[in-house]
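I'd like to ask you about the structure that follows.
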């Protein structure tokens, strides 16, 4: 049953390889629970980590911006685990208290105006098409 | 019935004052449909614009980052009007094609892992509390 | 393929009986598209109508309040069909322009503060448990 | 206040009749909390059980497939109670660890591509209309 | 870190002024946790309270109806804090057990039919445009 | 601007390789719009297709079950493109009218009871932990 975490000492070689790559990439001593639960399905674990690793690396957007976007989505969806873990990740990447406050304000406002646009049935301006 | 936009020429003095402030702040010739529909309720119009103006101004986060967060929320909620208008706003604020591509990748991945965390019922790590 | 409406003249006796009850209950000449599409699955049609009929009847809450709650949910979920049909139903039940404006304001604010509560990870006050 | 479960010994005859039918249909010794809380509103209890009983019975889709679809929706919506209860129900109906892993992978991917389709504003292909 | 509530005795003058206005308006001895967490960002606190105060005041809709709409949105979004606090607020404003039961029934039904309309891809009736 | 599809004749070698693999795997003459829009970001295109290909292949769950789960999520999220494309895919994989009707009934019921569980604040039964 996938209700317990899989610890490194109990993991298969394939799972350990993913855990090692996570620890090396993030420079942490242990992986967080998300990966220990996904490890029940090694194919999902490997694919998800590979995608996260590629997507969250610095590119046209810096890692802090990406973590704040991740947090904005998680707050909108109301995922408690994801809010906790990505708040921590964004702080580690440099999010200050002031940045967190403004991030929440934008997320709140966007969720409000999304519904006002729905409710008033606002047609898209030709300039935005 | 709130199914038609209120144009500047037909607007009350209070609504015109808000429209003028939007045009001045954003340096545009006309306000977009969202505001023309909200104008059916002048109190909602004034309050919403005042909040948007304060929240989206440069602060600890720059306007481009704020627009991308707004877009991330709108894409997650699936609001067609908001996606169209905030894609345009983010582009105007400097979002390149590469930045848009990475933004979408992060939004997609966050929506995926939010559900994996839900489904695997992952408990929050003590370090994240 | 369930991509066309089933009109009364083409409907089975069982579907016609439901359509007749909708028309009688709502005092309308024809049923709206929602029911014409559900008619592809007569069991779903009959069960859904029976539930809607019971739930939306006057009780501890009056029909107008119920229609506004229905609209609040539909706006939050972003269902275009439901927003259009329940705006019409609420207007028919007595929703004025002012009531609509206040309803939208409450829906927008609730969607905003739901996310602020998520993002700030506010614990439930003992008094609310 | 609807904050305590209604146990069989304290239930009205009407509520007991529903509880008895749930226990008989599912071959369980007691109903789960969901029903004990709905019992605060006997009309909602009876109607909800009748619908669930009809909808979840074997038909064109087998009960395991139906339980996995129920779980996919609950994971997407992030309902902790529903995820817990329908994971248990799906396991009882025959869902293996491997099936659970694939179910989660599909749910995660669908939530991701739903947002990519939103964000890229992809028009529906004529072949899909 | 915004993980602890800010109590009145530790609050700045600006935050105390908002707390005082909340206590006076709602005639309560202390503000609930939501405000104590928002107080980490005094600008968000002041703006959110000002909006809530205006929007939730009696107008074309009475306070009880507004609280029930707020609860309907919170239940749809699955925000545990908001469900707890607005259930309490609606009860205080006069929501009876029977009204709560009917409110939940409408919210449940709307969430169901929103998806049936989506899934059957029902086009909007010309009369609703 | 990512508002036009990228056709095969205009695609880079890398994009063509993905398109060719989609056409081969699905035995279709052309890829659908989703892939033509993702092609604006070749890395997203390649990664998304690779994941979809692996996840949707027959495994512990058959392709039809997977397509119906995909559709259940898309209907819950209200993504018009995804509903259209995965209805078509599920039909191609063998979904009959009767199966579609039952799928919609389960999706609707799950969305309803998810909210009833939220609203009644039902605690998880120890047996489900």
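We just call them A, B, C, D, E and F in the order they show up, numbering each chain from 1.
As a working rule, contacts are C-beta pairs under 8 Å (C-beta built on N, C-alpha and C of every residue); 3 or more make two chains touch, one makes a residue touch a chain.
None of the values given here were measured: they were computed from a predicted structure.
Asker: Across the interfaces D-F and A-E, which one involves more C-beta pairs in contact?
Answerer: Between the chain pairs D-F and A-E, D-F carries more contacts.
Asker: In terms of contact pairs by residue number, which of C-E, A-D or E-F shares over half with B-C?
Answerer: Repeat of the B-C interface: A-D.
Asker: For subunit B versus subunit F, what separation do you get between their C-alpha means, in angstrom?
Answerer: Inter-chain centre distance comes to 27 Å.
Asker: Measuring from the mean C-alpha position of subunit B to the mean C-alpha position of subunit D, what distance in angstrom results?
Answerer: So the centre of subunit B lies 34 Å away from the centre of subunit D.
Asker: Please report how many Å separate the Cα centroid of subunit A from that of subunit B, as a whole number.
Answerer: 21
Asker: Touching two or more other chains, which residues of subunit A qualify?
Answerer: Residue numbers touching two or more other chains: 2-3, 40, 43-44, 47-48, 51, 76-80, 84, 87, 98, 101, 103-105, 107-109, 111-114, 116, 118, 120-121, 129.
Asker: How is the touch graph of the chains shaped: line, ring, star, complete or other?
Answerer: Looks like everything touches everything, fully connected.
Asker: Quick one: in the complex, what on subunit F touches subunit C?
Answerer: Result: residues 78, 91, 97-98, 100-102, 104-105, 108 of subunit F touch subunit C.
Asker: Applying the document's contact rule, which stretches of subunit A touch subunit B when the two form their complex?
Answerer: Against subunit B, subunit A makes touches at 2-3, 32-34, 37-38, 40, 44, 48, 51-52, 55-56, 59-61, 65-66, 68-70, 72-74, 76-77, 79-82, 84-88, 96, 98-99, 101-103, 105-107, 109-114, 116-118, 120-125, 127-129.
Asker: Report the residues of subunit D in contact with subunit E in the complex, numbered from low to high.
Answerer: Those residues of subunit D that touch subunit E are 1-2, 40-41, 43-44, 47-48, 77-79.
Asker: Spell out the residues on subunit E that touch subunit F in their complex, using ranges where they run on.
Answerer: For subunit E paired with subunit F, touching residues are 71, 75-76, 78, 80, 83-84, 87, 103-104, 107-109, 111-116, 118-121.
Asker: What residues on subunit B touch subunit E, complex-wise?
Answerer: It is residues 3, 43, 47, 51, 54, 129 of subunit B that touch subunit E.
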